[in-house]
């Protein structure tokens, strides 16, 4: 039997067609431009907490991870080389309390004694990382969980006695990631590091993502968060900034407009741009397919930070 | 100065975003699936006649070629390997009359004496082919004009004494095209062939495109025409066929539903599908970006012909 | 200043020299023969329990791992391609009890509900695996932690409703390991698997090691345990078997000589040899450098199982 | 039956042998020296006019092209990489008059309005170029017709308003030719160029050949003309110059000895040598196999121009 | 100063030119056809004896080797891959007598006791082989002396007790030669072989050359001798055979026309052709450049033996 | 039948095991460090004289060469790239006297007239070199005899009129050796050289080995002699020097401690170290496996000379 078209379909189709064509004509050059370029996506602990809650459940029902995993796989399917870096604060808190420990913070950084470090490693490497890997694999990607210990990816040193086993990054050895990307694998990185004597450290994932993006000479660094971007006035949703340069970012810092959890994220964003990453994006991870929209359409979503020099030419 | 977003932009954007995301989520898998696959596009003489009229004009004002050339370049930019094959009947007629010759046809095929052959070669190779090459180059592609004589691409023999120097294809030597595609070039082919003694022949471009598609093991063969597709009842626009198999095509021929210029096109379409080309598409070249819409969206445009075996799995 | 030799050194040295030369003349052909060949080493949970106890301590003081890690690095340094597979039973028990759960076993296999599975993943992937990785890295190797989820290395299915989330291996996708070995990396594998829907499973490490050895077409599979090998009469240390064929192993099973934890190990050993692994070795991991001695000297240590066909020619 | 030699054959053969051996001993070192080196041969319009007259005839009877095509194929067969560049003045004149236009020249350059440009393209690309391609293919070569438009080979700009669409070369993009040569193809180039906006231009073939030779870092540039070489005194056949340096060529210009059509040829010859081409040769294309004799024997034919520095060492 | 041509030079040159062109047009196709093909040249002891006499002299005055060495270097320069195999009977005799031993032969093969074997090795490897290597190097080739012992090139076994250390070839391991040819080296082979226990043997050079030609899948095997070829009637110079097939050769043997030293040469020639060598040539090495004339001209010199199947198509 | 272990074997084995393990743990890092590094071994004429005496005997009974050949093959089997350079003074003397010539020396260098040169070449290339090649092949290596003439390996010039055809090295062309090493072959070099006119020369093998080691950028140069190393006081065996730097070597020369045949060896050793060879070793070739012990154990045997800069770090 032949498939016939309904009578008025031609008109409807013709109408929709021009709009669909416009989206494609807009998207294809971005795909060409970024083909083979690396994109580091920081999957924030708060967004992730909604996708992978602390309580135990069946892996195949992690439905909230699906949109994220699909985007990563779609990006790779058209030639981007995605690297996922993830945090996990809320789930760590939950497990610490489960074994009777109380989370403690200094200046927003977790005080990490040996026992806390063990829980951090177990939650990040044993719970969250494999959940993301499995979600990407369910969508046909070939994800591989990576810790900063693997092939000495993240070399760290103790940042301060007071914080305990919190590490400061000394060096990134990106070879392992470079090879994985070349082989079509999608690395999912948990930011545990080690010093040269082999002692492990808890590393802030925002900083980790920025350093990895620099070391990989990434095209883009994307922070998926639970806010809609950077606002000039944090209390005013109308003051959202679509695009700014490093200098403008520095001015915002000086003006005291950046506070709370946004501060470390933006500080590492600035460092990434200064270090050669072409653009950093702060996106609302709760909007479906926010990564695709940011990368493949002219308008974008959230806030984009670019270097002074490249400011003019680097849309998309 | 920072670029701020207008107050109500967020809402509008959010709305449009989900639609744009849907188009992208639909298109990206096609891009992945067809990455590195060859698509032969037959640019019909009648459509081309509107783009490159017989009269002389400035090259840079061939505005009508633009949408076509842009689509070809966009397809290549996301990994398709396009090959353009073109005809040129109207322009040949025009030049023949200019030197005082009257076009003559038998069964829709041009009677080609030596002098006509010379005009055919001059119009195709010296006028139309370079126009298409230049248009693609203006859009950033790297097109290369190719005749069937080059590296013995099209080996032909005289089809009948009555038609004179009209050739029947004996063999295609696709190496030249294969290498050009591998090097990122876009071949633009005029279907002049030669026999082993070196005598040139005028080759029907529909047949030429189909044979080239077979020899290249192409994914798709697209006929850009000036009709909206194949109709069950030629006089009824409502009877347009969206998709059919080889068998259904054979039934249409038997039923006598296929007449006129559509007959050779569909006969070569059937041969191409039988010869391993995954799908043949008859599209209305006057719709802007019709190629993109056919290749990158679920619904498609025009008529698609697939082999029996692959009928079910091969959308897009 | 010149380094002079003590008077009687010459004699001592000359004497020792012939013995040292004999060891080298014996070892070098093994090195040549096994150059570029894969060796899968199963680091058993009980031996590992002494090296990495359940309680928390500084990473750099995992002194017990040192001899093991050094052997792995030395083997690689002379051309072997080592893959480490590890278990972790005792440490899992310890963490389960820490959150108030009681381990439960059926036929020697751990009954694994969802919560237990989560603890298994966290202990293996978050605690033991990184400890081994760090130890190897401290000795100059480039170890990479790998779970069976990574790039779908271990595809599993539920083995029985009664055991819960205990998986049976359906397929091994060894590409990830093959590439890592080719790049000079040392994979350290925790045998967590997943089914095609993405649900994770707890996989017996003995079986996992054997299947990985088969999939890698490994030269050797080594089980490092806390016994001295296979005995004909379990209670008689004098009855230790140095070398046997598959057939002889089958006879031992029939005779009822194999009991307890040795049964699954030897069953998977038999399957590995049948599947093409040249030899399986059961070694006492508590003897320092037992791996080196087994691989590079004529006499060997522990018990070696070879296939009937290769029995005669495959010493070392 | 055995093939026996005639009685006195031995003597005759022995005699001829030493002479034949001498030719070979002379030729082989040139073949070795130039193996894999590029030779650009400008096939002049006047010589070509005898081979491919304006009137229409059967392709396979272009007998006059045979000696030329054979030489090109022989050169390639022993490792040279030949590139043919051709003109076509006489045939263009003939076609212009056919459509009622009168050729017009300023300083030896053709005044080219839009209509003339169209005829130039049609005659060069549609008539002469395919004739040469077919002749080479008849001799077993794999020739490919190339216009300066293909892959933007010749980028040009308008040279003067007065001359209309006559182009001056701005850049050569030799990649297309380099790849063709590497693949064993023989490019046959018609010197139509285009500016960056895509407007086509008529380019002088002598200049075009010289620029292509420079861009390809060619070993030799050969002008096949209908004169016997450069004469010190144009009216005295005895004053033919066999070899001269750039400086000597400049002196000839100063002395006013170079006039007429020889001037642009020698000016571009000088530029080619200055630009790195090892030698430029002006040969009489009417002598059979003049290219072979020039390249493979010590004496040579016609006039050879070399750079000052290389003057002494570069015979053949 | 400009190089001017003498007045009447043009005429002389033009005349000679057509003849020189004819030789080139004849030779170039052979060069193309045999490019990259292996040619084994057996340099016979008798011809060699004139070039390198037994008495001691300065190396640089081995003038007689010059024509031979030049031909080998010229052949290589145009793409042939020459392998030289040499004998040395007369010089061995001379050295044996020098140490007081009398040469002894049975059926034309040298009876070889241990002491004779030592002299054979010393003369071939220490005197003749280096002389040929040096002569080729003087002409710019890169020759390398090779014995059948090197990398076990010639594996032999004792042919009979009566002959002593005369070897029969058991196997050829051509890898060493294949690699040398691929690297542009010219192997010069002395046919000393060894059995698997490492005992050396004296190998007949005619047989050795034929076996090496077979193992290398050579295009041609050339015997340079001191006769003008094979005669139907040995006493009648008029009966020289230019070309014959294997079958015709067999007929000659049957007719008893082949006697003396020609017998082993022709027997191995027949074996070489039967084993896949395209043609075997018996040439008079005393004619200057006889190899070039045989390989690069239509007529040839001496006698050529081809297989039945290839008889018709394989001139040159 | 199962192979059972004797009752008390376990204890014995355990004891020996720790010692054997210690040798291996010591050796493996050297193997890793020197993997793929070149070692030039000079096999001295005096040691060789015991292995291959002047008198004629069966090749397979050269039993004395066995330990040497086995060491070379073992070194290669674990990744070293050995090159053997040999002398042959005693055997040359013997053959000279056999043809009635009396050896004559000036300052320890052989006066070499034309006839002597011929004997030198015949003994080195025709007798000793093939003996070493065969011995290595008997042990499974793939040795290839090389003279300094091959591919112009050793370019020399006459050192003085008084010495006759004794050559001084002008240049080493190591390509041939580099390629052989890359292909797994073991070159065995006789140090005959030639000047650019092709005249051969006798080259001192100690100097030759040092120059070859420099040209190959060798890791080590080993002189196998018939003494136990360098002594501070030649008459006092207790004064053997285990390790010294270039400077210390220079001091020994100044102190007049170095005399006789040791002088040229140590002078070339100093030059080799200065030229980039990491270490030079003077060993007693009469100790079995002395090469293995020197290269793969911490203590070493004989005397090791290193450069000042590398003195501290370069044991083994």
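Going in written order, the chains are labelled A, B, C, D, E and F, and every chain counts its residues from 1.
Methods note: contacts are C-beta pairs under 8 Å (C-beta built on N, C-alpha and C of every residue); 3 or more make two chains touch, one makes a residue touch a chain.
No experiment lies behind these values; they were computed from the predicted model shown.
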Problem - Chain hops separating chain D from chain A, counting only touching neighbours - result: 2
Practice task
Could you figure out which pair among A-B, D-E or E-F mirrors the A-C interface, over half of its contact pairs being identical by residue number?
Solution key: E-F
Fill in the blank from the handout: Max Cα-centre separation from chain E goes to chain A
Fill in the blank from the handout: Note: chain F sits from chain C at a C-alpha centroid distance in Å of 43
Exercise for the section: Let me have the rounded angstrom distance from the C-alpha centre of chain B over to the C-alpha centre of chain E, please. Expected result: 61
Exercise for the section: Spell out, as numbers or ranges, the residues of chain C touching 2 or more other chains. Expected result: none
Exercise for the section: Could you classify the connectivity of these chains, where an edge means two chains touch, as line, ring, star, complete or other? Expected result: ring
Fill in the blank from the handout: From chain C round to chain F and on, the chains in turn are C, F, E, D, B, A
Problem - Of chain C, residues touching chain F in the complex - result: 2-5, 7, 10, 13-14, 17-18, 20-21, 23-25, 27-29, 31-32, 35, 70, 74, 77-79, 228, 232, 237-244, 248, 287-289, 292-293, 296-297, 299, 301
Fill in the blank from the handout: chain A contacts chain C in the complex at 56-60, 62, 98-99, 114-115, 117-118, 121-127, 129-130, 133-135, 137-138, 142-147, 149-152, 176, 179, 183, 185, 192, 194, 197-200
